[in-house]
Amino acid sequence: MSGLAGIPIKIEQASGKLASGNVEPLLHEIGHALEQLIEVGKASIIDLRGVPLAPGEEDRILEFLGTGEVRAEFEASGLSTVNESRFPGVWVVTHHDATGDVMSRLIEITLVPEILCSQVEELRDSHERFALGVRFMGEPTADGIRSG
Amino acid sequence: MTLFDFARGPGMFWATTIMVIGIVWRLAGAVLLARHKDRSTPRGDNRVAAGLRAVLMRSVPPHELEKHITFQHLTGYAWHIGWFVTFLFFVPHMPFIESILGFGWPGLPNQAIVMLAAITLAILLLLLVRRIVHPVLKVISDFDDYVSTLLACAPLVTGIVAFAHLFPSHHETMIGLHILSVEALMVWLPFGKIFHCVTGLPLRFQIGAAFARRGVKA
Amino acid sequence: MSATIAATEERAALERIAEGVARLASSAPEVDLPADERVRRAKRVFIEKTDARVALDLESCLHCGMCAEACHFYEGTGQGRYAPIHKLKLLRKVYRRELGPFRLIQRLLTRDLTVAELEQWQELVFDSCTECGRCDMICPVGVHLSRGVHITRQALTAAGLAPAELRALDAEQKSTGAILGAGVEKLRSALEELRSQGIEAPLDKPQAEYLLLTTASDLLIYHRSLAATARIMNHLGLDWTFASSGFEAANSGAVSGDETAQRQATQRVVDAALACGAKFVVVPECGHAYPALRWEGPNQVGRAFPFQVLAISELIGRELESGRLRLKPLGPGKRVTFHDPCKFGRKGGVIDEPRKALAALEVDLRETESKGTTNYCCGGGGGVFFIGRAAPLRNAAFNIKRKQFDATGADSVVTSCGSCRMNFAVGAQRNNWNVPVESLVELVADGLAAPGPATDRGSVV
Amino acid sequence: MRDVLVGDYLRGRGVSRRSLLKFCAAAASWMALPPTMAQEIAAAIEKARRPSVIWLPFQECTGCTESITRAETATLESLIFDAISLDYQHTLQAAAGDAAEEARHQAMKENWGKYLLAVDGSIPLANPGYSTIAGVSNLDMLLEAAKGAAAIIAIGTCAAFGGIPAARPNPTGAVAVSDLIKDKPIINVSGCPPIPVVITGVLAQYLTFGSIPDLDRLGRPRAFYGQSIHDRCYRRPFYERGQFAESFDDEGARKGWCLFKLGCKGPITYNSCATIKWNGGTSFPIEAGHGCIGCAEPNFWDKGGFYEALSVSRWGTFGTVAAAAAVGAAAGVASAALARHRQAKAPEGESR
């Protein structure tokens, strides 16, 4: 996390009932989405940053969701992690920007988040580069790393 | 200078000033008139105590009178209490109160206050209709009665509208209207029947003492 | 004289009076004034009478209408215009336009007083108001409404707009000092009658500690009440007398609002009292006479009285309190209820003394729901009894009072005011209501231990 | 300047489609659009024509520029921002003096009628000399640049409403862009400074939909300025329950209760601070324990003290009330005196 995290300010956890009162509704929403996925096969995405949450509440939700078997990440203008929660069908996708700040955090209720799949729009360009790569196999490429 | 800025600034200043000028002017203008001397020998001795007693007991008339006015009495008390509890215990009002008195007190949950304000408004509107249809009130009511009732309702209406964010993109204007409606009430106070908040208790004292002079408990 | 014969004689006398009252209106002097002169005179009275206290009344009314709920004329008729505060509308208009702090603004916003309004208000402040003051007891901010009504009466009378009957009574008392023809000869013949019954009735004693007044209703109708009062005074061994120069307690001007008549009548009584050096002036069973003399008398003549004014029931109460008077019980089963005449009770302050007398007589007193300071008026006070066109209003008020009496289950009604008794008699006849109405003084006279020489006693403080 | 599509430009810079998708997911969130819209936004951005942007800095403190460029971090937004060929930015560009002016005129000529004019800072009218670029007054430069602009984005409360320069007594006669330009669509991106992603978001929205976004009554994009801070504040439940911090260090403040009584202007301020938050979603003023000062609203500087609650109004002082009482007393005494004089003519008499 950025330098801000280093500042030793700890906001007291809101006493008693969770401060914003939005945690339970959010979890129920995930539950309904899971039902939808099972019965209708409809995927849905919940933007955790769209809901006003008190400090610490987001962590409470992530703790509840926990981690499952799959932990994937990719590097695209900053790290992005795609982890399956301990509830199959419920994925936690977190995009960081180049500085490590969290840009957005999404709860995806789907078989597999789309962003993991290779992008159709890039296949043609990939194919061209592949063909070029094969033809000049064995010679150094522009970025100095031997391909293949 | 939005409506809200005007209401909080010059609006409130001039409303306060006009109200104070009006109150003192009307009170002095009435109280300083000549007082006819009464040369009869009084019967009651302690007229001050009788006056103070009337100040309290006039709110609770004897049963044989009360039974004719129970409805009016209950609704009258109800909306007055509702109105003042809404004003004095709605926490966002507290900074305004503190800016006047210098101290404040804990308030009630906002939802409770809004409920109370709605009930108070309902009673006021009910009494307004009664004033139009009741055989006595229809005859004796004038411009002042209707304006005073409406001006008592206005802060409740604008307050509920502002609190409930009925016009979310105009919230500032709604608070401005709410403050303006209070200022209208303040300006009208010395010129209408709301002036009874100033003369009501002294007058009770006057009649209590005057009747005690004759040995009659008023 | 046995009770039944006396009762029939009283009823006959009452009929004669009723006929006389009916002819009153025609004998009233005509007051012909141009309209603007009437308005000017009325306004002058309004302005003169509105002092700081009345101003505070007029500045505080809420128009809540509760005063109407206390008024028997509104309760009996349901007419909104009879609301007491509505009766003060002209007074408030003149105050706001002529004396009020915002008069400059009010003069722009409101119209001036008109003669049409004055004429319209005759019915409101005379026919439909006995000035009983019950509304004064309920007003939540304490407006002295009956005072406002009386000022409006004074203004209308000054403008020559008082009801004809009251104008006739004023004229008569201004010229002869008497009411309904009950002049000095009537007094002399009535006293002769008392003496014929063995009751001492001194007249024009040069010196006397007590000056006793009487009134037309006792002289013309209720002779027994006159006799009873004389017997009580003698029984107490008091040094008392009547005065032919000032015997009439009733004050027509105090009722109609004619201040000259009121001042003259008051002056007559004061002069009579000064002439015989009286220390006490005793007011007989005549309602409005007591506050007119006791509370307004000094202000009418412009100085405090050198004597004390006592109502006859007040005197009886005082004597019982001091132990100088003891009464024998009038039989255990006598169930009575007491009617507080408004002018003695709420307007005069004499409430406890009559009840002390009834207690001493050990009668079974059953109070009405509204009693003492909140009692219902008989409906005929304040001159309303004499106004012909006010009959339906009187009847409506009477029936409210009747319900109060019937609810107590009492066998008879006791009161201590001639006007109330006359009004009840007329009401009873009209609504064939046969509960007898008795005079407190007569009951007390019946309860005197034994007629005879008074025990030796010093002069009473 | 050739006509280049943003998508090609990004690919040319090695920006993978997943990076673009990441940006669009975040943009959807800022614009309160459903997250599933990310794909559509990405597709629209790729096909969008890369507009030319002229950025004119007038009477400003460079806060907005710093906010958008986020000099300390090179983030995805800045990449997107670069995608918008920023042809003229007084602070950023290397060129200076005549060369810079020459570049600006060149860009304007080529894209006449199509370029986006971004303005930050207010325009002084009292004396044009107060703020000039290369000898040309801000007023003249704005009027000239506006003629060829497709749309104008007023960035920051200064450009949108006059901001701090226009605060009382406004010595420079500062005015907002909308006070001068009446014939061009103007998007006011207020805030002092505006949230960085809001500026990028507005630009992305303009790129994506190619049209002026839905504006509120003050000309601000409803996507970012549609709701008040109060409506989206996570401390709102405390407001409803009447739990308020009384001072900055009391029990209520530490428990994170509502800051209404400490002067928070949240209820009358429209911005996305409570949802998008600042510094990459880390926090926003209220979450940090300080009331909102309403910087996205016109005249926020003159709306009473930042620590004076909204319900406090200036009814005057005990002095002014006393003065009013004196005036009232004088009038009352005079009125009563005249009335008594009038009554004195009538004879003295007791009214019952």
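In order of appearance the chains are A, B, C and D, and numbering begins at 1 in each one.
Everything below uses one rule, namely that a residue touches a chain if its C-beta (ideal position, glycine included) is under 8 Å from a C-beta of that chain, and two chains touch if they have at least 3 such contacts.
Every value quoted in this text rests on a predicted model; they were computed, and no experiment measured them.
Undergrad: Closest chain to the protein CA centroid?
TA: Going by the distance between chain centres and the overall C-alpha centre, it is B.
Undergrad: Out of C-D and B-D, which chain pair has the most contact pairs?
TA: Comparing C-D with B-D, the pair joined by more C-beta contacts is B-D.
Undergrad: Once you find the CA centre of chain A and the CA centre of chain B, what distance in Å lies between them?
TA: Between these chains, centre-to-centre, one finds 61 Å.
Undergrad: Per the centroid of Cα atoms for each chain, what is the distance between chain C and chain D, given in Å?
TA: 81
Undergrad: Roughly how many whole angstrom separate the Cα centroids of chain B and chain D?
TA: 42
Undergrad: Could you please state the distance in Å, as a whole number, between where the Cα atoms of chain B are centred and where those of chain C are centred?
TA: About 39 Å, centre to centre.
Undergrad: For chain B, give me the residues that contact two or more of the other chains.
TA: 25-26, 28-34, 36-39
Undergrad: At least two other chains touched by the same residue of chain C: list those residues.
TA: 50-51, 53, 99-101, 295-296, 299
Undergrad: At which residue positions does chain A touch at least two other chains?
TA: Touching at least two other chains: none.
Undergrad: Give the pairs of chains that touch; include all such pairs.
TA: A-D, B-C, B-D, C-D
Undergrad: Would you pull the chain B residues touching chain C in the complex into a rising list?
TA: 25-26, 28-41, 43-44, 54, 58-59, 61-62, 64-65, 68-69, 72, 76, 134-142, 144-145, 191, 193, 195-196, 199-200, 202-208, 210-211, 214-218
Undergrad: What residues on chain D touch chain B, complex-wise?
TA: Listed in rising order, the residues of chain D that touch chain B are 216-217, 226-228, 230-231, 239-242, 244, 260-261, 267-268, 270, 297-299, 302-304, 308-316, 320-321, 324-325, 327-329, 331-333, 335-337, 339-340, 343-344, 348-351.
Undergrad: Under the touch definition given earlier, write down the residues of chain B that touch chain D in their complex.
TA: Listed in rising order, the residues of chain B that touch chain D are 1-2, 4-5, 7-9, 11-13, 15-18, 20-34, 36-39, 91-96, 99-100, 106-111, 165, 168-172, 175, 179.
Undergrad: Quick check: in the complex, which residue numbers of chain C touch chain B?
TA: It is residues 50-53, 55-66, 68-70, 74-75, 78-81, 83, 85-86, 89, 99-102, 136-144, 291, 294-299, 302-305, 308, 345-351, 369-370, 373-374 of chain C that touch chain B.
Undergrad: Which residues of chain C touch chain D in their complex?
TA: Within the complex, chain C touches chain D at residues 44, 47-51, 53-54, 98-101, 103, 146-147, 150-151, 259, 295-296, 299-300.
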